[in-house]
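Same chain, two partners: subunit A is paired with subunit B first, then with subunit C.
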Partner chain A sequence: MAAPTIDHTLDEVLNLAASHFKVPREKLTPDADFFKTLGIDSLQALDLLTRLEQHFRIELPDYELQGVSDFRTLANRIQSRL
Partner chain B sequence: MNDFKGQTLSWQIVNGAIELSLHREACNEIGSLTLEELEEFVSALPALANDAHALIIHSTLKAGFSAGADLRELFQRSQGMDKDAALQGVRSFLQRIHAVMNTIDALPLTTIAAVHGVTFGGGFELALVCDLIIADRMARFCFPELRLGLIPGFGGIPRLKRDLGNAVVRDLLLTGRSFNVMKAQQTGLVSQIAAEGEALRVARATASQAGKFDKQTASAAKKFVKPIPYEELKREIDIFCDLYSRPAVEEGLRKFVENEGVQPYLP
Partner chain C sequence: MLDLRQYASLGAALKDALDRWPNETCLIEADRDREKVRLTYSDFKEMSRPLCRALQDADFKAGDRAAIIMTNQSKWLISAYSIFFCGGVLIPLDFKLSATEHLQLLAHSKARFLVVEYYLWRAITQAPDFANLAAQIVLVTEAPPGADLRGAYRWEEFKRKGEPQFVARQREDTACIVYSSGTGGRPKGCVLTHDSYLEQCAALTAWYPFSPGVRYLSILPTNHAIDFMVGFIGPFVCGACVVHLRTLRPEFVRDAFVRYRITYVSLVPMVLKNLERGLRAKFDELKPGKRWMLDRLIGLNKMLTRSRPRVAISRRLLPDVHKAFGGELRALIVGGAFTDPSTLQFFYDLGIPVTCGYGLTEACTAVTLNDLKPFRADTVGKPLPGSEVRILNPDGDGIGEVAVRSRAVMSHYLDDPELTAQTIVEGWLLTGDLGRFDPKGREHLQLFGRKKNMIVTAGGKNIYPEDIESAFEGSPVKEYCVFAANYLWPQKALGNEMLVLVVRLEQNQQFDDKLGDEIMTRNRRLPDFKRVGGYLVWDKDFPRTASLKIKRGELAAEIGTGAARASVVEI
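Presenting the complex of A and B:
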């Protein structure tokens, strides 16, 4: 099965973040800082990482997220594991 | 004392299982007060064990099972006293927590860690003393100590080496990354996965099953399959103390303690 496109992955990341952290989907944009937009700290970021790993059925080592704070880069990291 | 409610933890016997509940905000960081109450718990264990067939350790806090050692206290310990005294204090703390961990490890009951969320460092080490780890699907396991210039000090490496393959031990230790629950089960760390919020319920069902067997037989079986690596545990304390005395560790701790950013739990 072909891997989904990066646009599709990004869309799923934004949908999952909006739904889990109860933020209107339209407020989330690809280049937004997810710590600020979602109002989360590093513990909640780990929670998001776990949900993303489960959703995409991937393993994403958290050191790959070092310095990552926008949805687009996060989606790219996920895409590289699909 | 069949039940106790302390500042950092509580215990009671429920349906033949001792339930040790951790409840120190923010995420059950293990410092002096937790250690004192764990020591009280261990002192009460011989009497408790007479009335129980299992022990379940769990956290009542949303953030997780435990974020590990209280790093603020560890940092403050190094301030305002000479290096030798600070080091002696750390060694004494480690010897005391090892005594607690070794007692729980060797307990002649079936022991279960019911974990969720953050299960890091010393919290992970507390889970590792148990016979079984039952994890909520949102649990994450990590040994972040190398980021601070230290190794895990509460018995983590010898117990990981006892229980898991070397490749996994090295991955956890040398990358400092966290494992999700699927990875943790795949590698043999976690015996059962529970739905979100259900780890304690699953642990209670498992404890109830363990209670169906003859206590003496279960204890003999446990002793046979779970040797305690005492020599390596002692070496771990020595290595930790050697590393702790370096200035780089104080700097690493200072950086963590003074970090007000949003990412202190990311590597």
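Presenting the complex of A and C:
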């Protein structure tokens, strides 16, 4: 099966983040700072990462999230492992 | 445990520890639910031997400096031990810094050797100033097959046959250079001797002795003063076991408590708060009858543990809570930043003692610690054995700057005699923190804020405004400066710490959306824990010295009296 496109991955990341942290989907934009928009700390961000791993069936080492604070970069990191 | 008075260096003490408990487990490393490494003290010795020999064959000599940039894992400790065995000076660098910052500190420390994890090395080799790296030998761990290591060696293959020679060091020799801050501004490399560490370790283990069978969960970065002492030196000289997790996701951390029946763990306040939130949410989900029962049992536990912890009784009263922590937890150790007393009390009431302390890298690890006799949520404990604490120039409430004198205090800041002279005065370390001795009993130290212009995040990071100002360089304003809000408006309390960007606009310039966006964009380029929390528009020119440097103290005083904290616009 062909890997989904980056746009598709990004869209799924935004949907998951919105539902996981109960934030309206329309409030989230690809370049938004997810710490700020979701109102979460770095530990809660790790929770999100786990949720994303389960969804995409991949394993992302913690360091992949280091320095990442926007959805687009996060989606790119996921895409490179699909 | 070993009698540390007999030893002249960390290397000598650790070497004896490996022989003293050959069959005890000293290290476990797990990635998610997969256990990757389990070593006895004897295995640890066998793994370090070929590395020590290879280092010596590579001309690593007494006093040579070697940096480590790694996440918490077995190779961190094996490398550090090997460096000490060979008489070297260890420079533990924060793996969360950027590659450029790593290169700056490697240059400042003049490290000849570097041990680094592959993903961090990859970032360093891609940094614009990589060509300036002066380390002669670089060992990279866990590099994938075929990776271009840019002249570095694979850690796993850097071994030689033959018996290495132990290199003796004296108590006054440097053991570590630990950076307490200062990547963008003035690097603060705390030079700590073997005497500092051995004294500090003896003091800590006098109050909290570890022993074989104790399993310490190492979550704080090992480069941090707390984990280096409590998650490496302390357990090893007592024959205890250290558990490393490669993935610090909350669910894997929770599993590790149970799987490895953890006895102690050190946490920063942010993680403790997160655990509290999780537990409170679970309690709120209980049916009314069960909740009523839980509250009664917590009340009973509070009554029974008023004078001292009684962990065995607490485990019987509140078995489900204790089982979630593995059932053998004796205490949580918390430090590195301000902890909300209500959080400390919450855990204590559940029968999980939280040992809160106060320390700074300049004083090795800890200055004061709660001895739980009885538990106090409102203090940072009593001075450790061998530490003298004084309050300088106390005000009417007894609050003044905390000064510390002990053998654990650093000898100096690396290559900075001026800063050293300002910080260590007549043998006393001026901490820049404001505190007083508790009026009841006068034994416990209470902290009330900072005299210095800095913040400590809930994650335990020291952030100095000077270090992040470069992020705003070139902003279209007349001038700008970053301050800690509590430095501008002292509040005689800890917590609510944030950085404030103060901007002075050009004549006739308005603070419009474009400027707001520019500031936001620049702020976002900083790691989340270093970002400013708000800005303030200041309507006067900044006072400057003859060489045009901003007179920060003078400006802070002007702003503190001329503007209210409420005028800061949060971003």
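Simple rule for what comes next: the second predicted complex is superposed on the first by the 82 of 82 C-alpha atoms of A that agree within 3 Å, B and C clash if a C-alpha of one lies under 4 Å from a C-alpha of the other, contacts with A are read in each partner's own complex, and residues count from 1 in each chain.
Here, a contact is a pair of C-beta atoms (placed from the backbone, for glycine too) under 8 Å apart; a residue touches a chain by one contact, two chains touch by 3 or more.
As the structure is a computational prediction, the values presented were derived from the model and not from experiment.
Once the two complexes are laid over each other on the shared chain, residue contacts for A:L74 go to neither subunit B nor subunit C.
By the touch criterion stated above, A:T50 is placed in contact with subunit B and with subunit C alike. In the superposition on chain A, contact is made by A:I40 with subunit B only, not with subunit C.
With both structures placed on the common chain, the touch criterion links A:D62 to subunit B and to subunit C. Residues common to the contacts of subunit A with subunit B and with subunit C across the two structures: 35, 41-43, 46-47, 49-50, 59, 61-63, 66. Residue ranges of subunit A in contact with subunit B, taken from their complex: 35, 40-43, 45-47, 49-51, 53-54, 59, 61-63, 65-66. Those residues of subunit C whose C-beta lies close enough to touch subunit A in the complex are 32, 71, 96, 98, 119-120, 246-251, 270-271, 274, 458-459, 524, 527-529.
By the touch rule above, subunit A contacts subunit C in their complex via residues 33, 35, 41-44, 46-47, 49-50, 59, 61-63, 66-67, 69-70. Of all the residues in subunit B, the ones that touch subunit A in their complex are 27, 63-64, 117-118, 137-138, 140, 142, 175-178, 180-183, 262-267.
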